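To start, the structure under review is shown below, and the notes come after it.
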Amino acid sequence: MIERRNLLKGILGMTAVFSAALLIPKLAFAQWSKAFDANTTEKAMTDMFNKTETTKSDKIYLKVPEIAENGAVVPVNITTDIDNVKTISIVALKNPQPLACSFTIPEGTDSDVSIRIRLFETMDVQAIVETHDGTLYSVQKEVKVTIGGCGG
Amino acid sequence: MKVKAKFENNKVEVKLLVKHPMDTGLQKDKKNGDLIPAKYIQELSCMHGDKLVFLANFGRAVSKDPYLAFSFSGGKAGDTLILKWFDNLGDNEETKVVIK
Amino acid sequence: MKRRIYLTLALASCITVTTSTFADPVSDNETIRSYFSDKFPDIALEDLVDGVYAIDKDSRDQWLQIEEFPPYEEAISKGEKLFTTPFTNGKSYAGCFDNGGISIKQNYPYFDTEKSQVVTLEQAVNNCRIENGEQPLPYGKGAIAYITSYMASTSRGELINVTIPNDAAKAAYEEGKQFFYSRRGQLNMACATCHMANAGKRLRADILSPALGQVSHFPAFRFKWDDVGTIQRRYAGCNTQIRAKPFELQSAQYRNLEYFHTYMSNGLAINGPGTRK
């Protein structure tokens, strides 16, 4: 009797897990593996967006430090006034794998994300905003990453 | 996962910190010189009921103990959010949090 | 480039630092406070407990974001657990300290008139362990730093109140002061060279923190250590960086230095443990 109850619990539990998994867009999984492994910005852009051209926009507000306190923990905040945002991505142009992360912005979610990334050296950090019609907008800023000193 | 979810100005603001080494696979173990295998979160999602309100895909350049902040409309104090992450080795963690 | 920077610093300190202007501890403090008021006219002295983050906006913004989930929280939890766990003999740390060890860090280091020496909080923790039949903990990092991090967290907001009860204490204070202003190491620098004369300026990648308010946030979680560490761990590190042989942790030299260094910040609030580079 008890065994049957546990078996049913187990089946119901598994069903819950599977149905939750189905709700997460499959597209996310498919896009993941290639673009994030790319060793050049061109390849990462091609794998992620099928294009490499972006339009510079002054409607993207990229907040990064001028000088990173700690190159392993660099805070990045991106907000934008652009409408119909599909994704916001961060490209660290001189990192071994330039595509650092990508955020899907569903309807109702603000185009305002914050994260901390690793930068291996001084480089430009680029914010790419993708709209639902496939256009890519971007802005970039330099972040200085230093070593050497005493800790202050 | 430490999560702060606050309802303010008609929006739900979420801030979170996940305890995760985010090993890139490029660093060596100081003790034996072997490469520490890559172990890093690849996907982190936030569900509000049956709606996906946020989805993040990470590469190896996201910092150890990833921090994320985002916000959305449509939720209110008392609602539950389900946050879940998966890493490249198949490990995952799910956290439920009530919006304050 | 390196040589030029060090030469500049050495010259700068020659001009601005002379020990003979100081008379007694109280007027030492007045002199130091007005020195830093002049140096940082737009910063309230009590805000100097935030060190570089009171001076530089770019690094302050990064620090504030990190503070949303402070990296020292784990150290405080570990410290609380260690502090509240009884010894094998059934007694606990609370029995060794005033007020059960809660909210007392602002009174340390103190001068033990019987033993006639400076006692730091870390030492007091180990003295407590030894009195209760336990092995002392290694200084600088690990358990000792978690315990004093916890104790510091219970003292947040309390004003530093180090006292100099007698002549022997004053002598210890003077020794600490001497250490602070004496050049040492292959780079021939004194604590004062960087943290008085050149506070707020850049030394290669880093901004030098001012000596006033410096002890308030220790033990500190440093990115470099990826963990918390005590002020004396930092003393040893700083001395190594100027190519001087560091003293033993809790040696007379470092205890007297900590005594002088903390007395300087009397009246400023404890805000440890803090996050730093």
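Think of it as A, B and C in the order they're written, each chain with its own count starting at 1.
By definition in this document, contacts are C-beta pairs under 8 Å (C-beta built on N, C-alpha and C of every residue); 3 or more make two chains touch, one makes a residue touch a chain.
Remember, predicted model here, so these are calculated numbers, not experimental data.
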Quiz item: Measuring between mean CA coordinates, which chain is farthest from subunit C?
Solution: A
Quiz item: Highest contact-pair count belongs to which two chains?
Solution: A-B
Quiz prompt | Centroid spacing, where centroids are CA-atom means, of subunit A and subunit C in whole angstrom | solution = 40
Self-check item: Mean-CA-position distance for subunit B and subunit A (Å)
Solution: 12
Self-check item: Rounded Å distance, subunit B centre to subunit C centre (Cα mean)
Solution: 36
Self-check item: Per-residue overlap in subunit B, given as positions that touch at least 2 other chains
Solution: 67
Quiz prompt | Set of subunit C residues in contact with two or more other chains | solution = 65
Self-check item: Touching two or more other chains - residues of subunit A
Solution: 72-75, 114, 116
Quiz item: Which subunit C residues qualify as touching subunit A in the complex?
Solution: 51-52, 58-59, 61-63, 65-66, 194, 203-209, 222-224, 237-238, 241, 276-277
Exercise. Spell out the part of subunit A that touches subunit C in their complex, as residue ranges.
Key: 65-70, 72-75, 114, 116, 146-152
Practice problem: Within their complex, state which residues of subunit C touch subunit B. | Solution: 65, 68-69
Quiz prompt | Residues on subunit A engaged by subunit B in the complex (per definition of touch) | solution = 20, 23-25, 28-29, 31-32, 36-37, 72-75, 77, 92, 95-97, 99-106, 108-110, 112-119
Quiz item: Once bound in the complex, which stretches of subunit B touch subunit A?
Solution: 11, 24, 26, 42-43, 45, 47, 50-64, 66-74, 82, 84
